[in-house]
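All chains are identified by letter, namely A, B, C and D, in their written order; residue positions are counted from 1 within each chain.
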């Protein structure tokens, strides 16, 4: 079927290419000319503007947004609103906060537009392996997009599904990412312990490879850890600095709002914050307190 | 090749059967007559005593222990010691503490015996899917057992390996289980958050199934979660009570000994302890303190 | 000086009484007739309505709100707005969220009214020992209230201060309570460990008493713990159920917003949530997973 | 009464001086000549050797050890054993592990010697304010030392007590320190949040001073924090590096041994370990994983 893809960054371009390979006609728009050119080379029909993109699509239209969460989604929606017609559908495939998604769905509904939110997992591997899609929205709107989801997913009947009304897709993706933080941190701690045990001289990549087959901890994140360790066994040159992109924070906030204890997901987020604190005031105060009560020497900055 | 298997419980009998299916001759001993009979029905030659087991094996012998960690391993080793001959090998395939393993290896070496420790993961699925084996011991001793490991593992060249000297196998398995605690807790928290979000009416099994394909959090533990949720979507009748079997505790102790911060593995252990505290003194004291300073009402036991 | 006190619950009535004892004239309003009567018996001039209260105060007026955080504060402010005159000051002495305080201050300013927020600590002991007051607002507005603060505080020059602009008082109180959660949890865990060590038969109250003098952990919360343990050494009959009143949640949200790692304050909040989960889904799923991979028996509900 | 003090470091010399000021006769030994000279200047009779120290004491003797925990205590005890006589008492006032204390008490009992363990809190302030003493040992042995404890404590009847048999004193001190870690971390996190809130420009020392009077979080550690912040408001030049001296680790191990969940004490320990990890392997692996699955840029070491 026909689809407009707005945003031709790494994720958007890959998804569009997977759809083209699957026999769909995809028109793509990105504000960057280079992104449009690269997309064209991958079989995506480039549009020079949102107007062109909308004009290229038969009604009822389906427009997929793959733009950064937050203000860019709102800006794109505001620009699209006057261009679209009742009955068209807008899909937000990014990592929007589910409350924003609910708010936007209400606004789009006022204009007779359908909203679908697709929490999308799979990263840069999705082009080849397919994406896991957690979808929110009205049944009929989701159903109309079935051909798209069946192509994006790893297999037509697997790895995608409508999980609930508008917002439910992004909600599920948010929790997915919260879990992801916990899983990653568990592996990271385990490998750190193994690596510190000098007496055994353990080979972390070998252990990751052993675990990939038959062990209780086998997973895709372990596969990736094995690859990372194969390329760079001691992770030389990589700074111990870990970004977070929002969903972990929202998951913690949501757990607290719901009165659900989530100590491990929360601790995983705290560790990421901690990784970026190079001069922790808390630690300095701890050192100062120890000096006050016990006369314990304080290490000087730079020691 | 020939192998003696001591301990024909769930794990021991399954491993022996996988070896028999793979063409090995396995003689099995268990103190329970019923266990021996069932083993015989699965193609394992039963021995009525350790003497019989040792007598049935050609020298140099290989005897695999699959008995509960701790005192049972020591008792079995003491009973075996007078029966074995220099050049024989004893494999401990259970979840022994690596320090015990190192101590036992030294004692066996005094008698000219070889020691191999095999951290074994795979649970009740290992019979069919193969076991992940993390092996410690001298190179030559491990190499002599290659046919055994190649059959137990998911494939001859995958899922097993010698990771270091005596103790290194159990050490690696210990950390494996520490990671496992963290992974499990991350999923458990995530599904708890999803399940508590009444407004979306999410179907947890459906979400687990979606995630199994293409998502960043796909893993074997997720596959198992999906199965558990398929059987019992709300986990009715299951008590919120979580055992632990030692390796998590040891992992935490080891992290601390090595000065490695491991907040998520540690928090996962704490949660298991917490699940078994039905009348937490700490919580009672918190409630009592709030009453003392703020006059906040204390809930009575049974309310 | 003259002060109007709106809200004659435990905190409001105590604070008003402390002011009366200190020589101030306090007019008090509460929607409950019983509360008004009790206040009258304590030297507080009762007002039957907000109109009466405002009418009883000389301009420029000072009206202190001691009502539950959230909607009640907004409702009270809306009712007061038409009654007050430019130059009057409203003090919010409750546990309002600092963002609400900032919003309200802007609204009051539109009407020429001054706002002061007083984070108030001390609980039911404040009547006798004085309150610790963290104050936000314009300098001049705070300064005009100096006689009030000097009487409410433990001593005229101690235990109170203007910490910043509107909202800063409630912000500081919010963090104060976050710290309080952490302190309480640390003591609770420590006493739980002591109490579980059967071999020593430790007397927890005695230990609390010893620590109160000369130890590094001496504190007011320890004093209160000693009192609680003196009354009820094993805390019999107290349910292990711990409420929270919002500031802990806000502190965690604020830490995350500011990218400050706060693992202990966060864990303390999680423990309170956990104390109220009597049938944790997370724990049930952990038990179910263990059953799936290892065949470990699941405890039945009610066992 | 007469007391021998072995170890004239900061703690030992201060305790000896407090005893001398209280009218006791203290003979002190330290391997360092300078320490002995300084002690002499403070009214402590110096002994040039353990032999001299023992010879200077009337039987039954009381010898207080204030030497570093671990091997130094064992070495000192072995050196003292042949010099002492049945009926003499040895007090270990340091931070020994309670299991070592139990082992040593059994060994001393074989020689007819009494053992007393005194968990000692108060740090460098104890000389002036008195020490909090948690005492283990037989009743009669503790009772004989009553004059010593009454002088060391903040007041004769307060701040000290026999809490149980040998080891119970050090056990109680161990948990005391575990709590201390949690309290310190709670304050440290709270002040870090306050300090990061740029919009309010909060003065941390002022806030600490306000809280010291009337607030729920008032404590001695807060008093010390206020002093540290008064001297150095932004803690300039202090490295964010926090040592630990063992009792926190033991408290965590003990909690786990007793199946008591202690998430906050544990997290506090983890934070100290974390403060000393300047190139965390776990964080590097997290960054590498994010790069593998999402193509997220990795920060280079030194960026």
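Keep in mind that, in the parts below, contacts are C-beta pairs under 8 Å (C-beta built on N, C-alpha and C of every residue); 3 or more make two chains touch, one makes a residue touch a chain.
The model shown is predicted, which means the values in this text are computed figures rather than measured ones.
Counting C-beta pairs in contact across A-C and across A-D shows that the higher total falls to A-D.
Centre-to-centre separation between chain A and chain B, using Cα means, comes to 33 Å.
As a whole-number value, the distance joining the C-alpha centres of chain A and chain C reads 39 Å.
Distance between chain centres (mean CA atoms), chain A to chain D: 48 Å. Shown for chain D are the residues that touch two or more other chains, namely 123, 185, 187, 189, 192, 196, 216, 220-221, 255, 259-263, 267, 270-271, 274, 277, 280, 282, 293. The touch graph of these protein chains is complete, with an edge between every pair of chains. Here chain B touches chain D in the complex through residues 216, 249, 252-253, 255-256, 259-263, 266-267, 269-271, 273-274, 276-277, 280, 282, 293, going by the rule given at the top. Note for the complex: chain D touches chain C at residues 121-123, 126, 129-134, 136, 153-155, 158-161, 163-165, 167-168, 171-172, 175-183, 185-187, 189-190, 192-194, 196-197, 200-203, 206-207, 209-222, 251, 254-255, 258-265, 267-268, 270-271.
Chain A meets chain D in the complex at residues 10, 123-125, 184-185, 187-189, 191-192, 195-196, 220-221, 224-225, 227-228, 232, 235-243, 263, 267, 271-272, 274-275, 277, 279-296, 298-303.
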